[in-house]
Every structure is written in C-alpha cells, then in structure tokens.
Amino acid sequence: MSGTTGRGADVGLDLDLDLEEAGAVLAAEAARFASFGWMRGTSGNLSVVVSRDPVRLAVTASGRDKGELTPSDVVLTDDQGAAIGAGRPSAEAALHARVVRLTGAGAVAHVHTVASVALGRRRPEGIAFRDLEMLKGLGHPTHEVAVTLPVIGNSQDMGVLGDRLEAALSPGMPAVVVAGHGLYVWGADPREARHRVEVVEWLLELELAGG
Amino acid sequence: MSGTTGRGADVGLDLDLDLEEAGAVLAAEAARFASFGWMRGTSGNLSVVVSRDPVRLAVTASGRDKGELTPSDVVLTDDQGAAIGAGRPSAEAALHARVVRLTGAGAVAHVHTVASVALGRRRPEGIAFRDLEMLKGLGHPTHEVAVTLPVIGNSQDMGVLGDRLEAALSPGMPAVVVAGHGLYVWGADPREARHRVEVVEWLLELELAGG
Amino acid sequence: MSGTTGRGADVGLDLDLDLEEAGAVLAAEAARFASFGWMRGTSGNLSVVVSRDPVRLAVTASGRDKGELTPSDVVLTDDQGAAIGAGRPSAEAALHARVVRLTGAGAVAHVHTVASVALGRRRPEGIAFRDLEMLKGLGHPTHEVAVTLPVIGNSQDMGVLGDRLEAALSPGMPAVVVAGHGLYVWGADPREARHRVEVVEWLLELELAGG
Amino acid sequence: MSGTTGRGADVGLDLDLDLEEAGAVLAAEAARFASFGWMRGTSGNLSVVVSRDPVRLAVTASGRDKGELTPSDVVLTDDQGAAIGAGRPSAEAALHARVVRLTGAGAVAHVHTVASVALGRRRPEGIAFRDLEMLKGLGHPTHEVAVTLPVIGNSQDMGVLGDRLEAALSPGMPAVVVAGHGLYVWGADPREARHRVEVVEWLLELELAGG
C-alpha cells in the first residue's frame, strides 16, 4: 500500500510500503527472533526498504524489548541510516543502509546469537561450510558447494564497520558475523531475510555441535 | 472422507483422504516440527498417502515456511512423486514416494535436525543404539535390542538417493539419515511418523549428549 | 470432589478424587512435561492416588501422545497397578503403584529426559549432588547436604524393576533413574511431583553442563 | 497509581505503586523467566520497590510455581525484607532489600539458571567478560570494556550473604552469582532488571559454549 496517507506522508514521501505496515511486519519478525533467544535484552535490530528511489528504510526503534514491539516502534531513515522525521533509530541503522546500498537487499536482520559469537571467536578468519543441503536455503542449487561466512572485527564506528563488511562480502553468503557482537543477514524481503537467518544460525549450531 | 467433492475430484481421483484434509493434517504436523527448530528456513517436507490403488501422495508444497502452511499448501503426486494437477512439490517428493513403495508406509516425514547431521558426520557407517527403552517407541517389544540408524550419502538425484536408501534399509529402524542433509522417518500414518521422528531425534540427542 | 457421580462410581468405588478430575490434572501435567521435550513419542506416564483405603491410582492411558491427553485418557488401577474397569494402563502402572506403597506418595511422574539417561550411563553407581541451593526444592532445609540420585538397571519385568527401586531408595531423594530408560519422581500431589521433576532435571542438566 | 485504595492502604501506607499492580507486574515477569527454565520447581524470586520514603518492597510469595503467580501472590516488606501485613516472603527478601539499599535499584530479580551455577563453580574468583557488544546492554557505551561478574559463596544466613554481596559489588556489573545457587540482577525497574538478566545469562551461555 502506498504511504501517501501514512506516516511517510508526514515527511512528504511517497513510500512503496507504508511505514506502519513496515512496522507491523518488523514487529512480527522481531517477536519471532526474540522467541528463539536471538534478541536478548534489547539487542539486535531489523530493517526493510520502504522506498527505492530515493532509498528509504524502516528500522526498528532503539532500546525496546524486541518481543514487544508495536507497529509504531519503527523509524524512517535515509540511505545513510539517518532519521527522517520523528524517532531515533539504532546507531546500527547506518550499517543496515550500507548493506542495502552494497547488496540491493530489501531487508536486513541483525541478531545476537550465542552461536555466531562463539564461532566468530574460534574462527576469526571466517567460518567455512561445505557439502550441506541447508546451503540450498541460501540460494545454492546443490549441496556440493563450499562457502565461507565472513567474520569481521567489531567497531562502534559504523563507517569503519561498514568498510570491513564491504571488504569481507563473500559470494553466495548473504551474511556476516561481527566478532564479539552478532550476525547480519539480508534478503529480498523480510521473509527471505528471516529464512536466511534461520539457515545461517542452523549452520552455526551444527558447527557448535561438532558436526 | 472421500475426496470426490474435494481437490482430488478435480483431477478425476477418488481419494481415501481428501486433499484439503490431508493438507490440514500436514500443516499441523509441520507447524509442530517447526516449533522444535527441525524445519528451519523452508527446509524439510512431509507427506501422507491419500490413495492406495493407485498410490497417491499429498506432499507439502516447496519453498514455504513450514510453520505457516495452510491446508492448501499441498500437492498431489503419483507413486513416483510427480505432480498431478496444480502445484509444485519438493523434488524430494520422489524420495517420499519411493519410501512408500519400499516400506508400505502411510506417511513420511523429512526434517533437518542439527543432531542428525552432526551424528551422520561422526558415524558415516551408521549410528548404533542398544539397550534403550526409547527403542520401544519404534515398535520393539523390549529395550534389549540393538539397532542401527543407517547413514547414506547425499545426492541431488532422487534416483541415486532412493537406491542408497533402499540398499541401506535396516530392520527395526523406520528411518534413515542422509549425510549433510537430514532425517527421513516413516510410519503408518502422520501421527505414527511424528512419534517416530521424536523417538529417533531423542536417540540422536542422547548420543550428542555423550549418553 | 467425591467420585460417587463420576467414573469411579461405575466400578462401585467412592474415590477421594473423581477420575475425570484426576484425568484433567494429569493431562495438564503431561502437556507441560511434553512441552519441555521430556515425553517424546508417547513415552512416560503419570499417576495420582485417587483413593487411600483401598489404594487406587489414576494412571495415564498407554500409547497416547502426552501433549494431547484428554481428561478421559486415564485408567483406574488397584494398588498393584492392575486396571479396574475399562482401559489399559501402561505396564509401568505397576511401578507407579509400588512407589506409592513404598513411599506413601500421592503422585508419581515418569519422564524420559535425555539428561537422566545420559548421566545414568556415566554414573551407574548413582549421581551425587552436594552444596546446591536447588536441593532445598526436594525438602532439604539447607544447601549444605549431600544426596545421591540412585541409578537402577532397566527391566521389562515390573516386579524386578520394583525390587531394584525398593533396594535403591535413597534418603532425601524422592527420585530414581532407570538406566537406559528415564526418571521416576514422586511427591505428595501432582504439583509437588512436578516441582521435584523440575528440580531433579535441573540438577542433571547442571551435571551435563559440567557444573 | 497511588496505593491509597489498594492493599498498601490496608497497612496504612501510601505507596508509589499499588501492591496489586506490583504483583501483576512481578507475575508477568516471573512467567517469562519460568518459560525460559530459569525458575524451575518454585525457585527464584522477584521484587520491585513500591515506596522510596520509607523504602518498601513488593516481593513474590514463597513456595509458589513461578509460572502460575497471580497479582496477589506478593508480599509487602520493609527495607530489611521483613513482612508488613499478611503473607510470607521468601527468606531471600532480606537480600533483595539489601541490594536495594546498596545500589538504589528499583527492582531485583533472582533466578536459578544452570549456566550461572555451572560457571560459578568453574570460576569461583569471578567470571570475566570483555570486548562484547552485549555489555552495552548493561549500560556500557562501548564493547571495549572488561568487567567481572562476581561469584560469592552461598549461605542460608541472609546477613552473611548480604555482606558477601556488598564486598563483591563490581563496577559496571549490576549482578552477582551466588555459588551453587543462582543469579541476582538489579535495575531501575522490573523491565530493566529483566533485560539485564537476559544480557547476563546470554554472556554466561556464551562462556558455556566455549565462546
């Protein structure tokens, strides 16, 4: 639905996806991830592209319990992750926006899973996966592939973190682990991003299980 | 209920189980398995025999979130797993059909559990279980038995995979692990298949726990 | 509520607890345990004393999914665990009845947890716990105690299994592990039995975690 | 809402937070923690400050299932944790009150998690964390910090336990592990306390996972 009558209209934007609708979708996705224990405390954040020209994102508001978001707990940002209109996005909105610019993704999910941080510490050079059917869930036509989940160093400077992410992007792997921090995953829309988060986390849990 | 007034009728079939009813049963079973984390992403698929003469299966549609299936997210296939009428089944429908032909099962469940893939890697020659009460859940009259859960190599060719499954079938074990992939389990009906999935997964989790 | 108008009345018994009410309580307890993964397949069974003079038990019916019991999925047994009236109890009803006779318990819970079987294999001589606050949940006035959870060999003969349980009973530990099988726990009523199951399982999970 | 018409009024107190409202909040928080398996049996207890001058706490009643509390399952205590009016608080109410006096916290959560007891045993000198983004969930402005979660010896004497807690308080860490017992965490209000419990437990689970 066009945003001409929604919150997008308040800031003079004609959005492809109304901001309230985007907020409802992100709240449902966040509640799902939270139920898995992947957004403990108020950690993590989700975003969806609500306009392509110009690029605009809806990003979950900072500091909220991710199992209790409402459709209005969302902030509109520009293509740099800076807020447009009311609300304060997570500082990490800038990294979401960078992922969108770099990859053309329509949705980005950032979660704090124990498995991603545990394996990021063991494999700072990246986490390799091969010969696993689950890799088809990332778009590969067969299990007979070898891919690497990049691990990048953490930073509070989103420009630095974005440069590291850009330098580390790995073909056939729509995800990056930030060491000591968590997991970024992206897809065409929030549902594809969700499925890819689940696939990457499954791969990490397999590694943790010694598989 | 006969399928003469359901979707089976659309393709000129008189099914023992109406396709919509079959879809409702499979959706409920899939949601249950998904809640355990055994169908992450869009992985896995379930089937039920809806006609014995000729053999016809209802198989979950491909590419859907297994926690969100509806009764219509199901495809009718012949005894080779080829679609009859509308919809696209998973390629793995051919393996479901092969299991039905080989074993006479009335329902087949294929799930992607971390434990099955982790142990399939450690025990490529098969996973042995003995002296466990839980084996009675697979139909054994006592715990004093020794059985092996076969592990077969993965393939994208369902004919190859089916041949491996046929060669590996193990007495007293209605299940097979596909290495790097997941678990196939079967039973007389979806409920028995469910219980056997739970039993086999419990056995695998026990092994993972070093038990 | 007296059972004079309930199913107990059908067999000429004046029960302290109506059989349907007992079934409702056990169904709720079973659904709770099943949600934790402690009654996979159709494993485990629960009982509650519905009459003391003579001793009569309500025991969950055999072969049902423990997450889907209804108030009528319960069987009345005598003090040996033999059915009175309709229905077939688990063969293990005889062990429930023996626990009641030996300990005076009002409720018995038998669950199949991975932790109990894993640790029963590692510690066939019994599993020792000491200096743990959680032991107060078994009735100890302080954490400064040392108790042992007995491990007994499995058998399909309930007389043999009962003799082993009787010989193994450990002061201050209302529970026994049956090797390769699962956990028996008892208490004054279903709620106390539930809390003790949770405490014992917590202790076992702590041991599994290397704590 | 003022407590002038609530249960606080019954004991002549004008509370900042009505006791029934406090009970409803604590019941919801307890049900949440119980669903994670952090309050097995009837373990753990929660409190919230309902008056600052004089200091008064609402503390969950002792001996109840923490997944089934009602708004009235709460006891009013003074600044030493002694009951005012009806009801019996946990003996540990005295430790909750001590934490409030020492730290100015508005809410205290005490949970029994397997991870806290397992790691308290391995690291009796305290559990160190550094370079983890999740530490920002405890109020740190960056991940580039090193903090220690203190571990103190258990005691049934709340004065002794309180002295140990006071001596162990660690800057930037609103939590303490009691060895062989569980975790105390505090915050400005029940929601902040909840988020900090989740963050600390996440850190402990990471350590358990070898991360």
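Going in written order, the chains are labelled A, B, C and D, and every chain counts its residues from 1.
Basically, contacts are C-beta pairs under 8 Å (C-beta built on N, C-alpha and C of every residue); 3 or more make two chains touch, one makes a residue touch a chain.
It should be emphasised that the depicted structure is a prediction, and the values quoted were computed from it without experimental measurement.
Although chain C and chain D carry the same sequence, what matters here is overlap: shared residue numbers make up under half of all numbers found at their interface. Separating the CA-averaged centres of chain B and chain D is a span of 46 Å. Between the Cα centres of chain A and chain B there is a gap of 33 Å. Residues of chain C in contact with at least two other chains: none.
Taken chain by chain, the contacts form a single closed ring in which each chain touches exactly two others. Pairs of chains meeting the touch criterion are A-B, A-D, B-C, C-D. Chain C makes touch with chain B in their complex at residues 37, 40-43, 65, 112, 114-115, 117-119, 121-122, 154, 156, 178, 180-182, 208. For chain A in complex with chain B, the touching residues are 36, 131-134, 137, 141-144, 191, 194-196, 198-199, 201-202, 205-206, 209-211.
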